[in-house]
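We just call them A, B and C in the order they show up, numbering each chain from 1.
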Amino acid sequence: MPERMAAGVNAPSSPLITVRGLRKHFGELEVLRGVDLDVHAGEVIAVIGASGSGKTTFLRCINFLEEYDEGSISVGGETVGYAFDEAGRRRRRPERENERLRARVGMVFQSFNLFPHLRVIDNVTLGPINVLGESQAAAERRGKALLEKVGLGAKVGAYPATLSGGQQQRVAIARALAMNPTIMLFDEVTSALDPELVGEVLQAMRDLADEGMTMLVVTHELLFAREVADRVIFFADGAIVEQGPPKEVLDRPKDERLQRFMRRFTLLLGRPADLPLS
Amino acid sequence: MHVIADNWPYLLRAAVNTLWMAAVSIAVSTVAGMLFGIGCAVGVRVVRVVNAVAVWIVRGVPLLVVLFVVYYSLPADLSPYVAAIVALSFYFTFFVSEVVRGAIQAIPRGQVEAAKSVGLSFWQRMRLVILPQAVRAAVPPLMNLWVILVKGTAYASVISAWELTTASTEVAQRTVAPFPVYGFAMLVYFFICFALTRIGRAAEARLRYQH
Amino acid sequence: MAFIRLFIHVIPQLVPGLWLTVGLAVGATVISAVVGLAFALAAVSKIAPARLAVAAYVEFLRNTPLLVQMFFIFFGLPFLGVRMSPFSAALLALAVQHTAFFSEIYRAGLQAVSKRSHEAAKALGLGYWKSLRLVILPQAIVKVLPAMTNELVQIVKDTSVASTIAVAELTLRGGTIAEQTASTSVAFVAVACYYLVLTGIVTVAARVVENRLRFAE
């Protein structure tokens, strides 16, 4: 397991994110069938699974980009999207509170979603200025530092259309970090990138993990999961079917669906000596 | 073409009326159209219903007929300029609203989600992310509408507002030389509309995202 | 209510105007659709002067009001020795204006048909006209059907301008009735209803044709 600078991974503490019995359906289709999860501060969790397994929907429930039908999510002690009374009945929280939550949870998207009409630096400072109330000067100072950190100090004044996919995604990471989030959500952030650009983004994420950021990473990059994640979670049919340290989950899959999933990726990973042959 | 040489100042003075009628109508219909377009895109039910009915009307009824309805519905002592401006403004408000509505709805959902994920409120998202992009997309079709509106001011002549077409008819009848007179009028309209189109294309090029 | 009674009274009186409106619309559509295609072919041809000529034609007609064009034709042509009835002058003006728009629509459609079709047709040995008829045009027309529908609706609406040169179509008829019965708002609202029905029919018919053609491909 990689060395971590920040505390939190080994120290016993109440979880930063708690998910209980999460259920969601789209019409007739049940997308999430009772998901339970605890995430502690500083943990890096890789979420893997086939398309349609519910992993992306799950991620998007955490910052309430998706609503959910049953169960509860709490982030940093506050319930997400709904408030529950003693009887367990729920009502929708006012949008203002959802906005506050989203300011504390950073998200990076598969299709970057940079604001094309703003320069890179303005993309990054938009949130701090308008949501955190920072001054233009302070936000720009911090924004430039963040862009330097992800290796884009030279592109501060550029427009997103002039950047490569990997560069845009790194700007998206800086934009999310500018809000000083306690948690970062990554939704298949390298899936839309040309292969040669994937590395620079994964490196930025790795640096973030080393600094102790709590990260939930939905990904197909199993090598990354193996080397950087503290825990790997496998989604199938709307629920967490297997989870554990990467070496266990990826090299010695127990669930049949996970074994099938891993077999598709043996070409990428090479075959560890103890992987069962079937 | 001594007819034109004698009369062009008169005709150009009339063209000034054309211009300010168009300008006022453009201003009113653009602002009102934006409000309706935003209201529809945001989902305000009253706005949606009114917009749907009005769009159906202006799409299906000629401007000339709308002008007559407005003219004869307003008090008789009101100047025909007012009727023309009211009719033109009403008519084009709902073409503008459809353009604006379409532009807003064409913004990819990812933009809304990215703005949400940074913690922006609804109106902040609108002001900082959605509307700036929607307006950029709406400029080309809007400028096209403006050109059509300028051409529409010609109908004001039918209700005796004095503008370029009215003046041209006067001069044509007086000098019995419709060819050069109407020809000149067409050139003036062409000049105005073509200039507007050019400005529109330049604006469109400026606003396109830097590549 | 008096309004409704008047309205019901006025509706049948507008029917004579309806025929002229339809006549103008159909005539103008047929002429513009055919001539417009020829112009569009010229506009996409390799002959530069032809392209320029069509472009100039289109630009000029786009940037001048139909009303003034109609006056120009109706009042101006007699000076060239051409005597025209108001109906013919209106029809000519409408045809001239909408030929320009149709040619733009066709041009966009033709240019949107991918190069691959052109090359495939060439490879099969089809000549210019055959490939146009069998390969290019069918694709182009399906692409531009929505724009064509708008054009048809616009032509119906533009027939109202003929009222200014004394063609007794719907709008003029409405004005006449308005003067006779001193119920101007009612008369013109009734006229508006006629146009709503006409344009509605055109839109629905076009949608039916569009669906038929879509399934055929």
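Miscellaneous remarks
Just so we're on the same page, a residue touches a chain if its C-beta (ideal position, glycine included) is under 8 Å from a C-beta of that chain, and two chains touch if they have at least 3 such contacts.
The structure displayed is predicted, hence computed values, not measured ones.
Of all chains, C has its CA centroid at the greatest distance from the CA centroid of subunit A. Taking the mean of each chain's C-alpha atoms as its centre, the chain lying closest to the overall protein C-alpha centroid is B. Averaging Cα coordinates per chain places subunit A and subunit B 47 Å apart. Annotation: 21 Å between the Cα-based centres of subunit B and subunit C. With each centre defined as the average position of its C-alpha atoms, the distance from subunit A to subunit C rounds to 56 Å.
For subunit A, the set of residues touching two or more other chains is empty. Residues 56-57, 59-66, 68-69, 72-73, 147, 151-155, 157-158, 165, 168-169, 172, 177-179, 182-183, 185-186, 189-190, 192-194, 197 of subunit B are the ones touching subunit C in the complex. In the complex of the two chains, the subunit A residues touching subunit B come out as 63, 65, 95-96, 99-100, 102-107, 109, 111, 113-117, 126-127, 130-131, 159-162, 172, 175-176, 179. Listed in rising order, the residues of subunit C touching subunit B in the complex are 59-60, 62-69, 71-72, 75-76, 79, 153, 157-161, 163-164, 171, 174-175, 178, 184-185, 188-189, 191-192, 195-196, 198-200. Put simply, subunit B touches subunit A in their complex at residues 108, 110-111, 113-122, 124, 128-129, 132-133, 136, 209-211.
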